[in-house]
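To start, I am sharing the structure in question, which I have written as structure tokens.
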Amino acid sequence: MPITTDDVIEFLHRAADMLHENKEYLTELDSAIGDADHGINMDRGFQTILKKLPTVEDKDAGTILKTSGMALVSSVGGAGGPLYGTAFMQAGMAVAGKYELTAEDLLAALDAALKGVMMRGKSKPGEKTMIDAIDPAVTAMREALEKGATTLQALEQATIAAEQGMKNTIPMIAMKGRASYLGERSIGHQDPGATSSYLLIRLMTEMAREKQ
Amino acid sequence: MPITTDDVIEFLHRAADMLHENKEYLTELDSAIGDADHGINMDRGFQTILKKLPTVEDKDAGTILKTSGMALVSSVGGAGGPLYGTAFMQAGMAVAGKYELTAEDLLAALDAALKGVMMRGKSKPGEKTMIDAIDPAVTAMREALEKGATTLQALEQATIAAEQGMKNTIPMIAMKGRASYLGERSIGHQDPGATSSYLLIRLMTEMAREKQ
Amino acid sequence: MKKLINKPEDVVREELEGMALAFPDMIKVHFDPNFVYRADAPVKGKVAVISGGGSGHEPMHGGFVGVGMLDAACPGQVFTSPTPDQMLEATKMVDGGAGVLHIVKNYSGDIMNFEMAADMARSEGIRVLSVIIDDDVAVKDSLYTQGRRGVGTTVLAEKICGAAAEKGYDLKKLADLCRKVNINGRSMGMALTPCTVPMAGKPTFTLGEDEMEIGIGIHGEPGRERMKLKTADEITEMLALSIIEDPPYRRTMREWDEAKEEWVDVTLEDPPFKAGDQVLAFVNSMGGTPVIELPIVYRKLHQVCEKKGLKIVRNLIGPYITSLEMQGCSITLLKMDDELIKLWDAPVKTPGLRWGM
Amino acid sequence: MKKLINKPEDVVREELEGMALAFPDMIKVHFDPNFVYRADAPVKGKVAVISGGGSGHEPMHGGFVGVGMLDAACPGQVFTSPTPDQMLEATKMVDGGAGVLHIVKNYSGDIMNFEMAADMARSEGIRVLSVIIDDDVAVKDSLYTQGRRGVGTTVLAEKICGAAAEKGYDLKKLADLCRKVNINGRSMGMALTPCTVPMAGKPTFTLGEDEMEIGIGIHGEPGRERMKLKTADEITEMLALSIIEDPPYRRTMREWDEAKEEWVDVTLEDPPFKAGDQVLAFVNSMGGTPVIELPIVYRKLHQVCEKKGLKIVRNLIGPYITSLEMQGCSITLLKMDDELIKLWDAPVKTPGLRWGM
């Protein structure tokens, strides 16, 4: 069952709700090694997406995602804004013009998002950032699809990998973003960006499961 | 037994010690209705007097007192400095040129000090200031001397009156100085300036008793 | 007590040493007795303007010494009036032959010490007139207190009189101008937090986590009311209305009468503000207030003035008459006319206030 | 949390409204997206200089907009980088046809948002060059972190580049000048107390009654060391020596290459200070520091510079790059030459910095 633009829009709505619910949690994580605003930032960004959605509801998935990315870029600020904004914009470019997405399209979008974050943040895996959640998820999904898994199965693998990647950030020393100034003191804390990324991937999987 | 310039100098030394010992106490009183510096101010002023004394040790009582007054004026600041400074300078003028002081000279000096404070502070009895200790003391001493009392007896009366005057400031509403801004809230606190004035008058009496 | 100081007793001297090192083109500092004076003093033929008071209110007064403002400033210990010998020596140092104006804030200590200094200077042949600033509307009566305290209007009077002296006003005219600024300027302040005098080592007063003091003095003197914390808009409106709606204020002050050669009592009355007035609006930080908060106060002040028909023609926003690290603000409104506007706009070059040069 | 604000989410907007009301002769404010720009923008034929960053550091940057300094400033939420659309719209508004210089502080958020804005502006046909300020010697390595943070030197770069733009420097020459200021300027700060971001409602960090943080960043980022409180002289000496004895610092930064039309990696190295250097000494208040304490710090800084053979030829003392109500200070030393001195002395007229006009 392909993913429709309605599904994409539903995802954005539910993501906004989910991030709003996790606002305190993400901010709490950011207060340990950052500046205590990641939850506030994500919430503000996704509320802005909701405001922009009506203008693109009948457009292709690429336009919807690009518009969402621009909404994030222009409302979040900080590091989270350009990173998630670029991720959504690149994901949108990867599926430009499409009204229905296959599992491969979804993988391409996620991969483009990952590359976008790496390009924008000049970062790579192992630096205690959101990349540590997204990168293993993309790899797991690709491998699952190559092995013939269904969309749901592939997403489930991606979620497991993202969760593991998120947890792997705990013992890491931060080398990017504000947390890097803490040096050794950043050890022992879970990265907020990796956490929000995991939550978004998990939400995709939940929706896929419900649509079964 | 007349009062010599040596007695005056001894008084200033002992006053300096006594005020140093009462520094915290006076400051504590001032913290309730003023700015918590009266003890610090008096201590600084009398230490400055001690520094100036060697230059006038062989001079007349008037010069010694005027020099002390100037030392207070130039080192204390605030309200206490000009008030006590003027008191000592006026007292000095009242006994200018004298090397020995009678009880009447002492009364004249105290009276001049009182007038000096009233002139400088534009104040009168009943306003919750040092005047409320000095004014009754001067009256008591005058009345005692008129009735034929000895110097010691007259000073003893002055001390009793000063103590009573000091205690009378407790229920008063302050109408001069910083305490006046407290209005009703100044009631219930003993005026620091009246306290230091009482302590100085009591010291005079103690010295007269020892010299008997 | 957390402070960027060395020994508490050295704070004032070391601050003055730092000022002397930092601004040698504007000021010089004399020690024992302590005063700050214009680098080019005395300016021949110009009336000299002097002020002074306890330290802890920086940049006032030492930071206002320089071309177009004060000729000298006498700093006392923190929150303690300076001594007359400071004012006397400063007066002698900066007198350019045209006399000296003493601008004195209405605190008993300041008044008495300046009075003695003026007497001494006159006995040495220097013409001195003194004008008292008493603009704090938080103090309501003058009968049972020392009267209104001198606060924000002092800064404005120093700037305006400094400019007038530079333009050649004579001593009499300058004193009249200073009195005019005083009766047309009114202020009120508030505090969110107290401050700690270095020598005392503990806060001068305490406030609960949700309390503020409205009508506070610059040494932490109690104000009109201690109340629950309110929003910036509510606070600003309270301060502004207290100032704008203040009824005519009448008090008797001692001034030197040059003809009679004695101190005489002078009765002065503040004319109330009225719709149509042009004003200078001064939002002052108590010292520890985040800079970002001052425009928020100014914004509401602008709205209140507009509603009351007052037109803000000039403004000043920042920490100019402070109380160490106290958080809070004060508002001063000064009714302006063409003379005052011209003098306000005139060039000034001091460590704490500068424009036009 | 005690603050002179209304709703925490309205702080930035209301501050901007207050600034617009207070300084209409110097600045205008654009809302949605938010930016402050010169009242007379665009100035035809002049390169425009823009900066921006999180709010809470006032007067930086909005208070530095005006003749002789910035053409526009983009304020983010408190301690949060602004968004690219702010910089894009500001860039379009102030471009006078000669291109725009973006002065960017080295924080990942600022870098990324400014980079996106520059790309967008170029795609709309505006020449944009960006120079990054990274002068905080508290950060020792650039390999395992984002690199040194941009702090006090930013203020000096904005003043100097603003003056140069006014004098007709072209875009390329202005970017070179800005880079020169950056590699010759170094800073370090310290905090006695934390500060509270309005939206957070509680302090960003905590310090014991007898503790201070040495090497702190302007958002309360951890410094080099948390230690027992020391005297002003000891603190000043620590900061000054960390700056003066800082070894050559090398880092790679991304800059736009106009010939190649792409972002390229540029490696820069700070030349160390040496005896005989002329310097500008900048003592900055973190916002809540009593004004009286700054000259005490300057006094010792002067002594340390003298001992190390550095000659202070200019100075700046006050709250210019603040962290809300944080108490503490930072020191910046900038090696000066005739070009920089001339540009520093040039007239400037902004809400936060003003002289010569």
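Going by the order they are written in, the chains are A, B, C and D; count residues from 1 in each one.
Here is the rule we go by: a residue touches a chain if its C-beta (ideal position, glycine included) is under 8 Å from a C-beta of that chain, and two chains touch if they have at least 3 such contacts.
As the structure is a computational prediction, the values presented were derived from the model and not from experiment.
Common neighbours of chain A and chain D under the contact definition above are absent.
The chains that touch chain C as well as chain D do not exist here; no chain meets both. One simple way to say how far apart two chains are is to compare their mean CA positions; for chain A and chain C this gives 57 Å. Rounded to whole angstrom units, the spacing between the C-alpha centres of chain B and chain C is 33.
For the pair chain A and chain B, the distance between mean C-alpha positions equals 80 Å. In terms of inter-chain touching, the protein chains here are arranged end to end in an open line. Going by the touch rule set out above, the chain pairs that meet are A-D, B-C, C-D. Considering their complex, residues 35-37, 40-41, 73-83, 85-86, 120-122, 173, 175-178, 180-183, 185 of chain B touch chain C.
By the touch rule above, chain C contacts chain B in their complex via residues 33, 54, 76-77, 79-85, 107-109, 112-113, 115-116, 139, 144-146, 149, 197, 199-200, 204, 217, 219, 221-222, 254.
Per the touch definition, chain C reaches chain D in the complex via residues 2-7, 11, 14-19, 21-22, 55-56, 58-59, 63, 78, 192-193, 195, 209, 212, 229, 231-233, 235, 287-299, 302, 315, 317, 319, 322, 324-325, 327-329, 349, 351, 354-357.
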